[in-house]
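The structure that follows is given in the form of structure tokens.
The chains carry the letters A, B, C and D, assigned in the order they are written, with residues numbered from 1 in each.
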Amino acid sequence: MKSGVLRDLAVGAVLVALLLVLPILFPKPALRDFLIYVMAYGLLAMSLNLLVGLTGLVSFGHAAFFASGAYMFGLLMQSGTVGIPVAMLATVGGTAVLALVIGAICVRLKEIYFSFITLAFQMFIHSIILTWVSLTGGDQGLRGGIPRPPFLGIDLNDAMTLYVFCVVVFILCIAIMRQVWRSPFGFTLRMIRDNPTRANFLGADVVRVKLGIFVLAGSMASVGGVLLALFVSGAYPEFGFWTTSGEAIFMIMLGGSQLFIGPVIGAVLLRLLDHFVTIYTDHHGLVLGAVILVIVLGLRQGVADYIVDWLERRRETRAAAASVASEKGAA
Amino acid sequence: MNLEALASCLSTSACAVTQVSTALIIGMLLFMVASGLSLIFGVLGVINFAHGAFYMVGAYFAYAAYQATESFAVAFLAGALGVGLIGILFERFIMSRVYGKDVLMQLLVCYAAILIFDDLVKIIAGPEYKMMGMPEAFALPPLEFGGGFVPAYYVFMILASLAIGIGLWLAIEKTRLGKIVRALAINPPMVSALGINTTMLYAGVFGVGSLLAGIAGALAAPTRTLTPGMGLSILIESFIVTVIGGMGSIVGALIAALLIGFTRAFGAIGFPLFVDGLMFAMMALVLILKPSGLLGREPAR
Amino acid sequence: MSEIKSGIGRRTFIGGAVAGAAVTGFPHIAGAQAKVIKVGMPTILSGRVAILGTSSIPGVQVAFNAINAAGGIDGRKLELVTRDSKGRPDEAAKVTRDLINNDGCEIILDGEASSGSFAVHEVIRDLGVLCLHTNSESSTLTADPKQKVKTAFRCARQGIHDAVAGGSYAAKIAKEKGLKKWMTISPDYAYGRDNTAEFIQYAKVFEPSIEVVDQLWPKLFAPDYTESITKTMQVKPQAVYSALWGGDLVAFIEQSNLYRVFQNTAFFSGGLGDPPILTAIKNLPQGLNTAYRYNKKFPDNPGNEQFNDEYVKLVKHEPTNWGWQNFVAANFVIEALKRTAGKTDGAALASEVSGMQLKTPLGVGGTITMRDTDHTIINYPVAWGKTVSKAPWVVDYVDTEWSKILEIEQQWKKEKGWA
Amino acid sequence: MLSVQNLSKSFGGVQATRDVSIDFPDGSLTAIIGPNGAGKTTFFNLISGAIRPDAGKVVFAGQDIVGRSSLEVVRLGMARAFQVAALFPSLTVKDAVTAAVTSHQRKSWTLLQRFPLEGTQHRTDEILELLGLSSKANTLSRNLSHGDQKLLDIGLALAMDPKVLLLDEPTAGMGPDERWRMIGKVQHLWEVKKMTVLFIEHDMDIVFKIAQAIHVLKYGAVLAQGTADEIRRNQDVIDAYLGTDHHLAHAAGQE
């Protein structure tokens, strides 16, 4: 048990080191930009996977909380009344309340109807962003930049500092989600994913547990929104559009939903794909669509899930071969 | 909110007729798209998120055929049959491989199809706006009913949609094939045990569902602008319709489509800023109170 | 660590760790030794408004082809690198960063629509290269001093200029024909609402008897306008103003034709004047009033027709409003580069562009000026004309005096607290 | 003590349970039998809070639990296993039982510690030992044999430390030898844990062999009740039930 924590810490440390060393080895702003994007969308996908992969709740509206994070944070910073840390905490708290209200209605619905109603709420929030122009700037987004006043001697206007800040926040969130993944609560979620009726008969309060993870996942998604808002220095209604939710789902499917880090792998793959496809062709949809079809119809699961399964199968066949060989040897 | 304007509109026959016809124009086209979506879900249990793209392809097929032949009948058939065929191919080669998988797989496959179709249309037809234009036969002054005016083409569109809807309903409820299809929706192994080729049947149903999207596209082509990506907004609206009416219910789709049509037509008079909110509220309310929709049956499991 | 930094600092490299190499593995030679000068353009190339990008690009290409054929800037050719933002502002920000940081673009022609342009604006604030917004008409972008970015300019028509010109034209017609009852039908988003409000505001300034009896706000990209059209028939206004544009406008006009709406209602459109729209409409009613977007006969000079012909050679249709704006923007860039002798430093180029009076066939009187105070162009065509059913589709352009526009713009800025 | 009084329930026009009154003394081992469609599973659903009865009382632990959710009923100490083993396919045997134990300890919300919690280990091992599943602790639930799946289902219920255990056909779908092994385990469990056990069973030989009391349901009503001998001699039961279904059940069992 303790060794699990140690292993996670070790992996986390390697990840931090990698993320910090990469831009030093390759000091190009483009790499930093790329990684910040991956981290922001990675948080969105990872948090969605707490619902999809861990609890079996297929939300079509997760980007609503991503947008809420970006907008709440942006508005708080533009108000000029609070510093970045307070604004971030308030944003996460505010999004948690929003997720609580929406979740209280949604988690009572089962299966595809849960998906529908989350989609409906996302459409609702998106239309609020579009119509409440005086607050949100409507379709033009939050304009005029989001100020980044220095705090505790940290100045996020410096690109490298901003990057390091994003890495720290990202790893922190990943650590929290990893803890959820491995905690007793995480196993309650697995019970609900596999068989909610049975979980109920084993004393798990299914509706409240679902609501709990819905709120938690929403809060984590809002951190992704905060990072993106900090980076692009704005917030846009597209953050809360259904295509953003769709992209997060695609990241999960591309990477894999059963491996903890799968969605981040998916985020890296999708962003790389996006990056290169837009460079080489204007027919971005054609290429991306073809890749999706190949993965979905060819692998029938996420890339990371596929590799994990493949390794396992190979180990099994080897073990079987070895046992056959030893039997032969004995004979 | 201007209920006075609404009341005064309803009290004059000219306004009432025009707005009712507006509701029918919006509603019936929506019904064409939504009924296909609903049919496919009802029988195959998958949500065809690519349905909007099929509508778009139908419109472009009709446009191309009309450019070539100047005949609206040919254009209509090209849109309907072309998309029906694409639907069958899509079902056979792609969709059928993700039956029984989780809904995310189906979503992704459809998303891929949307991306590909949008891009193909852009490559083949170009990104600029296309307008098919009104066929000669319908280039008449609007018809007058009780002081209200309805363009001739819209009268045709409403009647055609209605006829197709009734035909579809009769086919499902009253024919032997319809009975088999309904049985297929509830108990596929049983249908298969009767010696019926369910694979063909699935493809056929998907084809008919797509055909309806193609018809809607062809009917829309003379009055709506053709652009890549035009399927998106109609997908969202017909999705709302299907959820409200009940996934799998043709009559439910009709009722919900007309509900949306009337909301928009009379909302424009009485509460223009609240129309979208009302559409959303209806969908959320239905989902909360009766998740399977107004006329949907509870999922069998 | 500092050693490593300074060691690798400026070198380009090949290979390395997977992600690192994957993203930055396109070696380019930065700075003054490059053979070509790369100009980046983030724009929309997919979805419903793909034509925004696809009709912007040839505008730039016409200008670049000309200078490259003439030997370039001191022998260095200009190259346009375009990227699809898919209409997403955050994507616009990202591709702009990529264009500059990764692809070695030293100048940005921002072909984004208004929301994307604000995102690009913030990137430029961060990175400090020369940027010309070529498609954003939103007044705030340059008029609000809070938005000001030293190296960013707008080379596109501006909402307030259009509003003044449109208002005065509408007032004149209203006076002549006694049009008092007005109605507006515009798309429900920032541009549609601002544009409509400003048009009506100035129409009333010039003709106080104008009364707006109703305003309809159909959704942006709505495929069907029947409920707005039939509502119009109930209200029976004498004139309608619409800020609809693009495919939405095409659908609106064709659907209105079915009801014969324009037989007894005057129509004023801010967006009808683009040739691809005029030609897409199968039954273009005569006598609709539209703002100038582009016309090969206006300004009527050989340079304009030459631009039109070169443009048509590249794509199959005549230029859009975006086409000429990008053509002019590209010429601003070329002229600035000539004056800096090929130096691409953002501040140096910006000081050249600021206040530049560019000779161009698209200008009123042959020049378009980049105003130094607020980094936006003036003296471009802001005329209104009437539709006819065959090419050149719009005739009888009536120009509005720029002196009048500038005077009212100044008052407007004062009201907003921007001047 | 668990007792039901005048319990009734209809679905549409069909009366699934008619005025059923039964007492289950503490520590008893009771069989519920009856032909297919007699309302046995519905009866379990009614007492365990899954379905709300139209009328009647379910008195458990000194209170009427009608209207309580199944969750509350579980927490009062009534657990159940299902006719078709209700498992968590993607969890290993050990993780599944540990998760159930954790849930029983009201620690399913624990976030700051890692799974498994230290206090659960002992209990999990005990349950696996009791059911003879220890050697399969690391097998995924979905890869278990049918019999082991049924055992694990019971194991999950045991994790609730129940005072009353409801077993819906613990031997369903098993061959004759496996049935006896299974029922032996159930009997062993009952003896060791001193719980009140109610089980639904088709195999009369099993029922007559181990049940202390037998209640026969038919068309939702109690047809007869008593000891094995009494039921064997009851003419109603012989007429209505043994004459037909017993042989059918036998035949099915022999397959």
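Quick note on the criterion: a residue touches a chain if its C-beta (ideal position, glycine included) is under 8 Å from a C-beta of that chain, and two chains touch if they have at least 3 such contacts.
Protein identities per chain, from UniProt: A = Amino acid/amide ABC transporter membrane protein 2 (HAAT family); B = Amino acid/amide ABC transporter membrane protein 1 (HAAT family); D = Amino acid/amide ABC transporter ATP-binding protein 1 (HAAT family).
Here the structure is a predicted model, which means the values were calculated and not measured.
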Chain at the geometric heart of the assembly (C-alpha centres): A
Whole-Å gap between the CA centroids of chain A and chain D: 42
Centre distance in Å when chain B and chain D are each reduced to the mean of their C-alpha atoms: 50
Distance between chain centroids, defined by C-alpha means - chain B, chain C (Å): 36
Gap in Å, rounded to a whole number, between the CA centres of chain D and chain C: 74
Multi-partner residues of chain B (each touching 2 or more other chains): 118-119, 122, 276
Residues within chain A bordering two or more other chains: 284-285
Overlap residues in chain C, where contacts from two or more other chains coincide: 45-46
Pairs of chains satisfying the touch condition: A-B, A-C, A-D, B-C
Interfacial residue positions of chain A with respect to chain C in the complex: 22, 24-31, 33-35, 37, 130, 133, 137-141, 143-145, 159, 228, 232-234, 236, 238-239, 268, 272, 275, 278-279, 282, 284-285
Touching residues (chain side chain A, partner chain B) in the complex: 52, 58, 105, 108-113, 115-117, 120-121, 123-124, 127, 246, 249-250, 252-253, 283-286, 288-290, 292-293, 296-297, 300
Complex contact set, residues of chain B against chain C: 9, 15, 18-19, 21-22, 25-26, 29, 118-119, 122, 126-134, 141-142, 149, 151, 153-154, 220, 222-230, 232-234, 264-265, 267-269, 272-273, 276
Touch list for chain A against partner chain D, complex: 1, 4-5, 179-180, 182-188, 190-191, 193-195, 197-205, 209, 212
For the chain C and chain A complex, residues of the former touching the latter: 1, 4-5, 8-9, 13, 16-17, 19-24, 26, 45-46, 82-84, 86-90, 93-95, 97-98, 101-103, 114-115, 118-119, 122-123, 125-126, 138, 140, 144, 146-147, 189-191, 193, 220
